[in-house]
């Protein structure tokens, strides 16, 4: 199945794109999507401890399952305000 | 000597005027000006414990002397804001 | 009306005050507007009339700005207080406090409104359904250390 | 832009936000503006660029308004956050909190800015003399009870 990955701020710059379409196996979770990204972008690895994620524009846990067509967002620490 | 007395809020209403010109003896203080007012306006007496005063638009103590031509203001508790 | 402190019959404008105090080193501006409420202590308020001893009121506002500047040196502050007849929802007082960091702007703004209620010679005449009354709050004494300490405590809590 | 919460490229207007939340029972409106400072941690800042995950950022602002309404039931609140390029002195975030009494308006406004910095997916790209850097603040977790408690503690201090 295919998911759209959204990247922000420095993660977007490290990934070279704000949006990536990824093929993931059935049963994939947010965590497994992230792991597949880290394989392509080793610099991402440092972000895991401080990362937040969302599925379809709702905050989610890394253990959340993803479905075909989902938008999965990975977010470095926020700095609004 | 003559001083101008300024009254505000309920004190102004009790006194029937926002401004009064009073003759006071040499050596008068804010306190003696007040006492002379209380003689004419007995309802003023209740205000003494909560009163503030000013001479020439600067806060003053009741013991402050007044001079000819001074503006002496008597102010009930304030409620701005 | 571009003075940082004023007592005025005109409509208050918090954005104008904010503009007077903002500087390039400021990261935060906090404004406070006091509004006329439609009720007070169980009474249905119809309107208020504010009266001021204007020259002393402006000096008292200047004093509050100075006090705030001494306590929070990076803070820029402006205060305008309105007089005359005010309808429900209108602003009676506007304060703007700008500073490098937000904690100081919040504290200074809160300090200012507490001090205004303590030492500025302005009086509120409340008109409500069935009558009217002069509101009498604090005996004004700018040198009372306990009042000042109370304002600081509330502001810095 | 009359929504109580928004993420926008337009100039922010605190007075507009105040107008959205004021009601006849409100005696106080506190507004907060976050401004772009000309310096940060010893760097001479030239400008900032804010980036947002917009749909989630709006939901996070809605959540903060809801949280504030649960904690301070009389409070009306609006929050707009700006994105894109901002010059020194421009406002990146505007908050308005109205309530019957001033203590709640101050507390709710302060709470909102603390929570914004905790849970709203917006990022600040700082450009300074000699370089640029992404500011990374808090790991966003709206359900983290410690972060929420910290915001409450600062707001109600």
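By letter and in written order, the chains are A, B, C and D; residue numbering begins at 1 in each of them.
Keep this in mind: a contact is a pair of C-beta atoms (placed from the backbone, for glycine too) under 8 Å apart; a residue touches a chain by one contact, two chains touch by 3 or more.
All of these numbers come straight from a predicted model, not from anything done at the bench.
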| item | value |
| --- | --- |
| Co-neighbours of subunit C and subunit A - touch as defined | D |
| Graph separation of subunit B and subunit D (steps between touching chains) | 2 |
| Subunit A and subunit D: spacing of chain centres that average the CA atoms, whole Å | 25 |
| Approximate Å spacing (C-alpha centroids) for the pair subunit A, subunit B | 74 |
| Residues within subunit D bordering two or more other chains | 34, 113 |
| Residues within subunit B bordering two or more other chains | none |
| Every chain pair meeting the contact rule | A-D, B-C, C-D |
| Residues of subunit D touching subunit A in the complex | 34, 50-53, 55-57, 59, 81, 92-93, 113, 116-125, 134-143 |
| Residue numbers on subunit C that touch subunit D, as the complex places them | 13-15, 18, 22-39, 88-89, 98, 100, 102, 105-106, 109-110, 113, 157 |
| Subunit B residues within the subunit C interface of the complex | 6, 8-10, 12-13, 50-52, 54, 57-59, 73, 75-81 |
